[in-house]
Each structure stands twice: as C-alpha cells, then as structure tokens.
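In the two complexes that follow, subunit A is the common piece, with subunit B as its partner first and subunit C second.
Presenting the complex of A and B:
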C-alpha cells in the first residue's frame, strides 16, 4: 500500500501513546520507499517551448489571490534581475508561488526560459521533516499543507532540495510557510489542470497522469532526437517528482542541480531514525548494568539502598 | 561582596542564622543573608551589573520589537537561510554545551565516581539552564512560538527528526528540573522532596543518558535533510548524528570547566572549602574526559571525510577553513590537555577548555550558518539578531548567577540538628520494601 496513508495511520495511533512509544513507530514510518500514487497527476514542462511570457505567473497570482507584484507580469525586465552578487535568479516566495527565469546556456544560440514552482515530490522532504505533520501528499499528486498547525520552525525550507517553500517573515502574528499547492483546492481535486497550465499559450506545460507524462516525454525525445537531452528531469531525481522537465541543453545550464541523486531526502535520515528504538531499548539495561558493575567493584556506595530498590524501574523512566 | 565579607557578613548556607540562632526568613534567604541595604549596595557596586543593564536596555526593547513586527525586522532570515543566529548559536551550540548534566550524572551516579561529587551539581545546573535557554532562543526564532506545544498535543509528525528533538528536549528538561530540584528542596527545607528524588536518581540519570544520546544526535541528523546545502566537509550522511553526539561530550565537560573557572574567580565567597579544594583535581579529571572525547571526535571526523571521499575539498578555500576549525578547535585543545594533565597545570587545562568551547560553537555555526548554502551566497546575520542573541545570553548569565548565589550548588547545605536526625533515621530504616527483580539478582550475586 502507500507509504503516506501508513504514515498517517501511525501518526494517529501515536497520538494515543506518544509519551511511551515515542520512537517505536519511527522506524516503521521511515521504512520502505514510496514511488508515488499510481494515478497521481503531474505536469511535464518542455523548456524548448517556453517563450517567457510570464502568463503562468499572472494566472497563479490571480488563482491564489496573491498580492499584486511590484512590476507587472508583462514586464520582461524582471529576467535581468539577479540577487546576492549576481549568483541567484528569482525564486518563489510568499508572494509568488511560481516564477519564470531566463538563462543563456552555452550550448544554445538563444535564451531558454525555465518555470520554477514546487515540483510535488513523490516522497517530499518538506513532508518528512515536518514535526507537526502539516504536509500531505494527496492521491492526486499535490503536496499541500495545513497552515493552521504550522509552528514556524522552517525545517521544511531547510529540507527542500529545490529551495521552494517561502515564509512570510514580515508577518508578526500569523507567519506561515507558503508554496505552490498545484491548485489542489480549486482545480486539481476536481480533475482540472492548475491555472498556470490552463493559460500557457505555447503548450509548454502538459498536464496528465504522471505515468502518461513519462511516456509522452520519452516519445518526444525519440521523435526529435536532436532537440532534447535524453533525460526527463524529475523521473527519478530525489525519488521522483510530479512536475518534470524536458530540456534542449544539459540541465545544469538552466539552473538545475545536475546530480541531486535518485534517493529521496528521507533516506538520509533513516539510518539515524533506525538507531532510535535501539538506543531506547538497549541503553537502560546497559547503563544500569554498568552501575551494578561499578558498585560491585567499589564495594561501597552511598546509594546502595536507594539504587537497589529502584534498579527495576528504569524501563519506565524514559 | 568582598567588602561585606570583611565586615562580617556571611552568606546563607543553612536554615539557621548562626549569630542569632533564629531561622532565616524567606526574604533574607532570597538576599542570601544580606540586609536589603547591603544587597542593593553590593549589586550597585558591581560593574558587571551595569554592563548587563546596558545590554538589557538595548536588547529587551528589540525583543519586544521582534514580537510586534515579525522576524523580518530583526533578522536576515530568508527563504534561502531559514535558520540564522538564534538557532545556529542558541540551539545548536547551547545544547552541546549543556551535555554536562548527563556526563557528570553518569560519572557520579552510574559509575560511582564520587570524587566528582563536588562539581556534580554545577554540571547538572549547567545542563538545565543551557537547555532552558536553548528553548528560549528557539521561542524567539519560531514564527508562532505559542504553537510550540503543537507537536505534543495537536498534530504529530513522528517521522520527523525535529519531532524527536522536541519530545526529547521537553522530557529531558523535566528530568533535569527533577535532578536540580534536590538543591531547591534543601534550600526551602523540604526533605521529603529531596528523599523522593534521591530514590529515583538512577532512573533519572539513565533517562538522561538515553535522551541526551538521542537528541544531541538528532540535532546533527537535522542537517541530514540538507545534503546539498551543508558543505560536504561538515556533512556526513552516515555519521552526522554521531559527530554531533560525540562532540557534545567534550563540549559539556569543557563548559563546566569554564563556568567553574568563572565561579572561582568571581564568586569564591559562595563556594565552600569542599568545592574550592576539590576544583583543581576535578578540573583535571574533566579535562581527561574531554580529551578522550576530542580524540574520538577527531577520529570519527577523519573517518567521515574518508568514507565520503572528500579529500579533494581539503585543498579548496572551504578546506582551509575546515582545517583551521579542526586545528584550533580540536587538535590544539587535545595537545593543551595532554600537557596540562601530564604536568598538573590546571590553568592550562582551563585555557584548553575555553578553546574547546570556542571550537564547538564554531563548528555548529559553520554547519548551520557559515558553510550552509555554500553553493549560493554567504548570509551575514542582522545586527539586531546579534544584539538579541547577546541579550538572551545575558539573561542566561543573570539567571545562572541568581541560582548560584542562593541554592546549594557550590556549597553543601548545613542541615539542622533535628533534620539531620530525621535523615539519619531514614537512612537506618530498611526502606527496601518491594525488592525489584534486578535488586534481588544483585543481592544473590553478593
């Protein structure tokens, strides 16, 4: 079955006995790997078709009721914006869930445009790092979150390998994490494509079931051997993502991490989570044992009586 | 204070005023035996208090400013650098520096090393306050700190490392409150409470070891979520949690050495002979422990560089910074400790401990802030962020001093005759009413 529903189920069961079985379910939750819901939806972004019109940004802004931008959406000069010493291009934040950036790749005679938004991972790092379980991977494929429980630790932003979630730092009383939710509430749930896909005049964005999109992507690569790099970014990267990319130039030239690995982020943490129940199980006996050995050697101990009486209780002490 | 001592003032160390043979009033206990006039006088004469006053005058309004207008007005927290100085220093450095509680607890209570008893309470208090203030730093950094109990009661994310940190830090804080409460019970004169805690000491100590192992490690494991963001030399998928746990051991021990040095220099009047006479010996003992911890840490660090084959990075600029951190923060203190222990140079050991504390703070800042996002850009904390961090640290110092002045941490509380009798009677009476299986087995072995 799916990892997520198991995760949810265990989270609920933990509610009853959180204090005592703290680490018991952790290993179980971390175990196994999840490759996405079979009928999950996705979007295939074809960089060769994008012309940088930014209408997807405008559609997203309207659909999600985001504040009006400083510069209008038909202003192309935003592509010249760089930050932090020219090292960084625009990124999604609390006021814009998606942005389009322009790149001038070496292996291409014309600029390429890349739309950035949440990639809706199969095994999202944000979800697995959230200690209040605010994130959910829905069966439709979206990674959504519940702002009502967000404490504001911002661990999801640390964990996200694509640097997607933004945070409303300027809000004093209700700051929350904000990111693209695949238009889940207004569209995806009802089987509709997200606003950005709907509006794209170039059909650069293709909406469909993830497994079908993989077929379409491979078909395009085969039909036009010279046009594409033989790789669908997001098919396997970091455990696979619902949003995937086709490109005519090597992916690192258009701002992708060329080698993020195929393991989902949670796999990095499994080693540690696996040791937790063992520490809980072994340490009490081991250290009480050390205590007994140390006392035996000394032949004298102030705590003799007290300690003896309570040696049996350590198990319940955690 | 020195002046008052010369005039014959004597700090409270029992329930009864020796001069008048009357019990101290609560008020006088709070003023550790001084009259209100004397108390105010010594407080105003102390230049350190004036420095603290200036820090609070600037810092406390800034903290209010942060809560009224949001994080963005006082920090450089951004979408790329979600964690700044509050967590980089306040959480990730304060927690390892507070590992002293479980280390000394283990040495004294589990391994029966009663020669460390004079410094045990200081180590326990150091642990408690360090954790408490790590949580306070966290509260300032959280977007919605009033939701801090959510992972406990509202919504559970048990697959997250931070869930484990939250639960373990909360549990361990309660364990440490219980451990330190012995001093408080002595001070208010409630022996029942003290006896109860004494009974469960071993349980508390073992619980402390478990919780410390896990959440010291978990703080490291938090960075396993960001393999592409932390510089490879500070990142190790397999060993990150062991590195954090292992380095916490020398960190905690050295923090006790540093604090005890400050105490000896600034409040010797509050220490009794038992503390002062044993301090040098204990310091060298702690230094031995710390140097073993540091050597182990160095070995694991080398193994992790070898394991991920990161040798190539050593020749880069980050590599130089890494080697500098290792040389100053790890290798130098090991050599200082070795020399100090060999030749009984306590002062040198204290210096080495100071360097180790610096090294640990540097390591945590490097991991959380300086090498974080090494492929993007360098974030410089906002000046207000620095001031608020200093202010919270100043509050920590004030609370630390407040407790050390009053509770029997640096001195042994003198019990009254009838209370002493009562304790004797309890000690003599067989309290082993329900022998546990482990206890029974132990007796059989005898």
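Presenting the complex of A and C:
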C-alpha cells in the first residue's frame, strides 16, 4: 500500500480510502503536491516590518472573545518571559491564539519580532491525525475545527509540526482543541482580512491570495537587495502553508526550524498511529465509538455551555 | 468676497505668476489633520510647516508627486522629473483599506506592474513618520504622536494586571 493511500485513509473515511486505492496512479499525485485551493488566501509576515507592538494580540483577543490577559497588550515586558529553563519563548494557547516574541539574532544589530499562530498548512497534520474528522481546510485557506466532535484525544497537538493547538481544560470532562482559525467565521469567509492583519500599524502582515503573496514576496526580495534572506518560509516547507514569512536574518535565528523538509508531516503521524493494517482492523469499531461519543456530546451541548458559564462566574468572584 | 479675501487671492496670483517654484509654498498647508483612520488613537495634528523646515526637499516624504523629482534609486529611472500630480496628499494613492476583496482582486490582475505592493494609508504614515523619527532621533512612542482614546484603552486592556489573574478561574 502506498503512502498516498495511507494519507487519504487518515484524512477521510474507509470508503474514501478504498476509492483512492482503486483510482491508482491518477490520484497518486495528490501526495505532497496539493498546494491548497488556487484562490486560497494567506498572509505574508514580513519580520523586517514588525515593531513588536502586540496590537495583533489585542485584536485577536477581542475578535475571538478570549479571556482577559494577565498584563495589558502594550506591556512589552512579556518578551522577557521564557519557559523550560529559558529555552522556550511564549507559545499560543487556549487563552491566546497568537503571541509575539522578541529575538536578538546574531546577524542583526537590532531585535526582531515574530508573531506566532497557526500557519494554516496546505496539508495540515492536525487534520490528518484527527480520528473524528474535527478539522477542515476551507477553500478560503483556513484550517478550522468543530469543537462539537472533538473528543480531546490530543493527536493534533502531537502531530502539529509548529506546536500550535492548545487545549481548553475549563471543564475536566470537556477538553477541546483551541487555536487560530484565521478569523474564518467572522471575517475570512466574508472576504475580510483577519483582525490581526487589520490592526497592524506597520503592514507587517500582508493579506492576499496565497499565490499572489508568493509573487509579492519574491518581488520584495528582488527590489530590496540585502534586506531579506532569499527565501519565503512556508512556500514549500511541510507541503506549504497559508501563512508565510520573510526575514532579514536566517530563519533559525528567529525560532524557525530551518529544515523541516518539504513533505507534509503525515509521515510522523503514521508512526504514532501504529501500522495501517491494525488501524484498518479496528477502524469501524473505533469510528462507531467516536461517532456515538460525538452524538452524545451534541445532545448535552446546552448543558455543557451552562456548566462553562457557571465555572466562569465562579472564577470571577474568587 | 471680502476685501481681505480679494487681496489674498490677488497676492497668491502674483506669487504664482512671479515664480513657478513658489507654487508649492502657496498651496502647502501649514497644518494637516491626519485623522481619517482615528479610532483607538486620536488623529495626528501634523505640523507641516515645521516639518518642511526640517526636510531637505518635498520628495523626502512625497516621493515624486510634488514635482521636485526623487533621489530614490528605485524610482528615479521613471520619475527623475515627473510633473506634480493633482493631489499630493498621502491618501490620494495609499488607500485606507488595502485588504478589501476589491483591492486584492485588482492587485491580482496587475501583479507584474510597478506599485503593486504599495502600503495602505496606515502603514504609509507609520513607515514615513516613524522611519524618519528613528533616523533623526524624533519621538517614536505611539502616544508621542497620537493620544490613545478610551476605546483604545479598552482594546489594549490597559486595566489588566497580574493581580487580577486569580479572577480568571482554572486554578
């Protein structure tokens, strides 16, 4: 069985898998060569323009109705926060779908700032790793998820090469994935840029059709010799991403994995899923189980929401 | 038309006739309100006269649009001696909404032309002003140029502090 069928199998259903296998070589080119919907949108992040004002974080917080932050969004002391013995900078989590970090790269005489959020992969590992099909890559380019079917297994968290999905533990029985959704519901699908792009005073974030952004990125590199390293991060990395980056210093100096490969991450995913035949054997039973679970959760939806609100109020009074 | 207005008009006409190069000085606003985007911050009352005293020539901010030519290498091949354009205000070219579907579609069709990657109005202001202020040691803090509004305080969660985190629950 080829790697293609495995990928297909994971992304869709058993039926989908069978169809792919039967379809043979014609469909095989889908593996690693899907560059997203042709009119899919993206964002080109230009690190040379970002001034670390954190307005994008504030805009995200407001747009997505996230909890109040520990410190105001214009407080730059957050850039000094590190974790795991100083090795790790701030990461997005269930309370903040995007964070800005400061770097002091060797090859630059001034600090650089980098906004971190979901990169909305063309072939998302989170999506491929999800047993209950909670994830969707929309035609507009966003990778969104359906919290109603999420069973909280955290596969996507392990699968994501950028370490993005966070979990909400507000209810111990209802952990649910939380991450940047490109403002899909409130903006993207209505033809509007995400809130972070809208607020940025520096146009460090350029919103547009992904294929146009590649041309614009290359144009910037060409018209400003010496300003950029000659590379658009995310053009090819891991099968390509909707959010891409330009930098004045080598990407590893601003916290990127310099060489993640151009293959989508599905190969890692299959390792931790175990062998495909085994999955094939248990799939029907497992799927039925998850389906029942999802259905059950649907039925209790109102109740869960009440519980959440109740928790929130309690918290507020503490 | 009052006597004073007639006099002013006459004087301006005289100046215009006397010397072409003074045209700009006569048209040039002393003060400009940059406030079309004001929301989280107040608009900027821009002291144009003070800045023209500082600047070497108009093209330092206005590219080639004021008819004074440009020294930027990348522009000079086409705009070494371009005529003055009808409106030299920033917002005549830099749009307030550079990511509207309409603007993005238009961009798509003209990708190989010049000026496609033109910043919107907000970025044009900030690059022009802050870039120069950095180089000339001018003020660069947000509120050095425009005070934050009450809506802005809300937006940036000015009231958030570490002591309030216990109120968020979850621990």
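In the analysis below, the second predicted complex is superposed on the first by the 230 of 318 C-alpha atoms of A that agree within 3 Å, B and C clash if a C-alpha of one lies under 4 Å from a C-alpha of the other, contacts with A are read in each partner's own complex, and residues count from 1 in each chain.
By definition in this document, contacts are C-beta pairs under 8 Å (C-beta built on N, C-alpha and C of every residue); 3 or more make two chains touch, one makes a residue touch a chain.
Bear in mind the structure is a predicted one, so any value in this text is a computation, not a measurement.
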Which superposed partner A:85 touches (first subunit B, second subunit C, both, neither): first
Partner chain in contact with A:175 - subunit B first, subunit C second, else both or neither: first
More subunit A residues in contact - subunit B or subunit C: B
Which superposed partner A:161 touches (first subunit B, second subunit C, both, neither): first
Subunit B versus subunit C as contact partner of A:61, first or second or both or neither: second
Which superposed partner A:220 touches (first subunit B, second subunit C, both, neither): second
Doubly contacted residues of subunit A, that is, touched by subunit B and again by subunit C: 169-170, 311-312, 314, 317-318
Residue ranges of subunit A touching subunit B (in the complex, touch as defined): 7, 10-12, 14-15, 18-19, 22-23, 25-26, 29-30, 83-85, 87-88, 91, 93, 125, 128-134, 146, 149-155, 157-159, 161, 163, 165-167, 169-172, 174-176, 257, 260-261, 265-266, 268-269, 271-273, 275-276, 279-280, 283-284, 287-288, 290-292, 294-298, 301-303, 305-314, 317-318
Residue ranges of subunit C touching subunit A (in the complex, touch as defined): 74, 98-101, 104, 107-108, 111, 116-117, 119-120, 122-123, 126-127, 130, 142, 155-162, 164-170
Residues of subunit B touching subunit A in the complex: 67-73, 75, 77-80, 82-83, 106, 109-112, 114, 142-145, 147-148, 150-152, 154-168, 171, 198-207, 209-211, 213-214, 217-218, 221-229, 237-238, 240-241, 376-377, 427, 430-439, 442-443, 445
Footprint of subunit C on subunit A - complex, ascending: 49, 51, 53, 55, 58-59, 61-62, 67-74, 169-170, 191-193, 197-198, 200-203, 206-209, 212, 215-216, 219-220, 223, 311-312, 314-318
